[in-house]
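Structure first, then comments.
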């Protein structure tokens, strides 16, 4: 396997607090890498640095072998790096189909074509079928349940056929049935060749799905390895239990 | 929907086109000129303030730019037929767009609230420039326009139709952008700009584009206004109250809608001008005005159109549910699991 | 030439002395933004209202405008709380930034209408017996009113600082400014803080208004002059940063006074706008603002 | 309502003041003459019968920047209507004023005159307040052939329109209102004349041009300009400029001011302890109550200004005007804004035209006023082809804390005091 995403020495401080402190991390092509750590360990900040929402104070970011340090989220998206948000951010006043189409990526030249073209719709329909959401295709996203919104957000980022998807707590606030649904979709997509980096608190979910697991504490990577070893690692135990 | 909106638009355009032919008194046409002007500008403002969600408070800077451009052009060119000032309007619009582009590029890097402040600052910069570049603008002495040589009976017609064309252009652009990916992008930007950026929407480009088009339309209206007024002055052309008018009408009618700003203008402009004419002497004019303003904001924060549309939809839904099972595609989603989870409001908590 | 050096120094002195008053007005403005994310377009009108209050207390009861500040502060605080409860609290979260702009503008109009009914539209100024006195040091004029205004503003800002840093309420306010969500998690009642914070912002207008009335003639429409300057100051300083507002106020008033004295008053307001645009080019968040992006 | 215009609302309050001519009894006697059709309106208003009221429309600013002066103008118009109606109206027709608010907005002022003329079909119109609103308004009036008597729009751009239906009801265009000061200074013995001059000018159509006009005269006469500065209307703080004036140490300070800036100038000079030998302020200093109250009564002495009407005006019918004013509005003579007096004069001109021609329609008014001079109490008002009055103002000076006309000789009630006493003296 080759490295799809490489981070070397990323740093980010807010005021005096070092949220991410000399953090290095590699996501192998074809993996479902978990990123875990106690609250405040810098997971979300690291996500924001990777996806270009925050500018790092230092460090280097490489995606598909290219230096992408300082790229904005849109550019990374077009290169195949995309993410979901913890709070299921969808566009509430747009229909489910439009939510997918807007994320499908269109160039400058396409700005004046209709909102939803025939080919946009057929692409969206395939995904909606896969996610079993065809019946809500024309509803505004605001009328979906929270779990459905999470699915919609996930489906939307797939519109652009990404190489790497960063999932920020895909199961947070979602009922058990929906967790299974989410897990199934991740597996299917993984099988289709998409790499995942997942921040997650649900350890059972992580253990079932992910390999390797990366543990972050105080903005640093303290462990990286297969899930079976995580629970035995003294550093990780320290970090979670606090000493 | 498309047939109905076509009919609605056709009736609207035909009625306005025919209005001067019906032999109204001058004062009616005069009132209509200002109504159309504000409808056009509010509609143009809507592109940025309504659809993109960036409340510009500086649009009057471009109104003034258009007014001064027309005034200055005819310091050096003669007016013979009287129609020349209308012919240079596209140039005024182009200049406004070119000037607006870099300004939007800088100002739209900030958040919406800072953007509002930066644009109002821009308005005062423009006003200061108009006052201080007196060798160019005539400064505090004001700038006289050529006197329109039209015959009295149809004096208002050219101004009326010029304003009407700008309104139709503005509404046409709004309609097209709503139906195209521009509108899709703007909807996404307004709802959640960060998310939009993260799914590859050309956020900055679309915002700047809509700003440029918007201010170009406003500048053209400014040019017509100055010619009609026959005189312009920095304080009058670069007046915050002009921006506030556009914003208020847009909010009143319903921002982010095609007809909202037009409805807002058709209510507010005649209302205001009539009130000022009939009862303006009252000391309580300003208090009453502010009171109405506040009531609208608190009771109909989304504006008339969306509020009415909501009510109609709800009534229909109630009617439908009492008559029989709702149509399948309109039923609330119950199939998906997890529907018991509380739904956080808005995109960004 | 010594003449121009002298003028420069005089300009700087004037600017700094005036800057204190602006700092006071802007601190209230920026505080309200920090707590509620509301750009308060009524702040200028509140200052003018306070100026009228102290003017009336002075002309009707002969009370010195500086001595009545505690009284006007209480009144303005109450008014601020009422405005927040009646007009701002009902706004829905969605769009509240845009709507609050318009609502506070409407409140400004309402106050203006009210003031023009009560006090008419003639210009007023609070002319105390020390209004025309000045001290001269090294050939530089220090007008008594300005020095008093400056000192007073420092005192008021000092009290504000103490309030924010040494009281429980102040800690709640600062926590809300930094992160409303976690502040709520920590048990801060954000609604109460918002109401009291708006009151506090309005209260700073009391002292500022008394001083403003001493320095300049004003009428009910004067708030338009103020608001654009105040907004620019808070943007320059970074929305929500009290320290930034103070520094920005000094930059603004000093640069305009210096340009007015050394070059020409015609360009003094313009200079400051140029500074604002330049700062925003380099740092869109203002001098001391922090980057915020949605709910990241 | 904009940043740049603190003073514009009080612009021309005292911009020039007009001595009011109560053409009182002269007109009263002619009330029975037969009036023919009213307006020369081409919009086809029905010809009113000879007893129908004579409706006169005017738009003034009752809210917004110009509200203060607008209200003073309204008071003058309405006072005149009351007075003329007491005498039986004009040519037997009762005068009815229709006054509407233009909110100090150029858009509204156009709407208002359009409405007055084409909707309400008033017989005659009077002007609004401020040159800035007079220009668009006069164009509307011109279009419909209405005579445009306007008491408050005397800026250069008003006359640049070259309208033949417009008449500025003051003794001279704003620009020339300071000529009387230049006349006086240059009439002094050479040894007494100032050698150096400073000019501080508010940048608006009613202030800076006055000072510039004086400067041209002074420079031609060899008085050296040591400092000249135009400041924008939003300048709240005049101490920087006054600091420079003091540093230049001129013999004469000529200030093109409105009102608040005049007070601020004086206050700064007092604080700076600099008192020039001669001091002229185009406006502000001619306000009998406000000026001493704002700058301190002890500081007014020696300051000069120009006026057309002022308390104690030597105009023979001024007492009658004052009596009527105080009876209707209360207060005392010193509370009367000269703008009210100027507005009143506009009405008096109508009476005079009616008395002379027996007609009161727009065409008659326009042609009549272009000929001869109209015996008003400030001398005779007469106009050139584009509505510029050809008379001159009176020079007034604060002597012993009272405003007294000092020049020219025919109105003078005291000898001008110079050099100006020091502050507080």
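Note that the chains are named A, B, C and D in the order they appear, and that numbering of residues resets to 1 at the start of each chain.
Assume contacts are C-beta pairs under 8 Å (C-beta built on N, C-alpha and C of every residue); 3 or more make two chains touch, one makes a residue touch a chain.
All of these numbers come straight from a predicted model, not from anything done at the bench.
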Contact-graph separation of chain B and chain C, given in steps at minimum: 1
Chain whose Cα centroid lies at the greatest distance from that of chain D: A
Higher-contact pair (C-beta pairs counted), C-D versus A-B: A-B
Rounded Å distance, chain C centre to chain D centre (Cα mean): 38
Separation of mean Cα positions, chain D and chain B [Å, integer]: 40
Euclidean distance of C-alpha centroids - chain A vs chain D, Å: 74
Chain C: positions in contact with at least two other chains: 116, 224, 228, 266, 269, 293, 295-296
In chain B, residues with contacts to at least two other chains: 124, 128, 131-132, 192, 194-195, 240, 285-286, 346-349
Chain D, residues touching no fewer than two other chains: 1-3, 63, 65, 203, 232
Chain C-facing residues of chain B, complex: 49, 53, 55, 57, 106-107, 109-114, 116-118, 120-121, 124-125, 128-129, 131-132, 192-195, 240, 244, 247-248, 251, 283-291, 293-294, 297-298, 301-302, 345-349
Chain D residues touching chain C - in the complex, by the definition given at the top: 1-3, 6, 9-10, 63-65, 67-68, 203, 229-232, 234-237, 239-241, 243-244, 247, 259-260, 263-264, 267, 270-273, 293-296, 299
Chain C - residues contacting chain B, complex: 33, 37, 39, 87, 90-95, 97-99, 101-103, 105-107, 109-110, 112-114, 116-117, 181, 224, 228, 231-232, 234-235, 239, 266-267, 269-270, 273, 276-277, 280-281, 284-286, 292-296
Partner chain B, residues of chain A touching it in the complex: 51, 53, 72-74, 77-78, 82-83, 85, 87-94, 98, 101-103, 105-106, 108, 110-116, 133, 135-136, 138-139, 143-149, 151, 156-157, 159-160, 173-175, 177-178, 181
Complex interface listing, chain B residues touching chain A: 176, 179-185, 187-188, 191-192, 194-203, 205-206, 328-329, 332-333, 335-344, 346-349
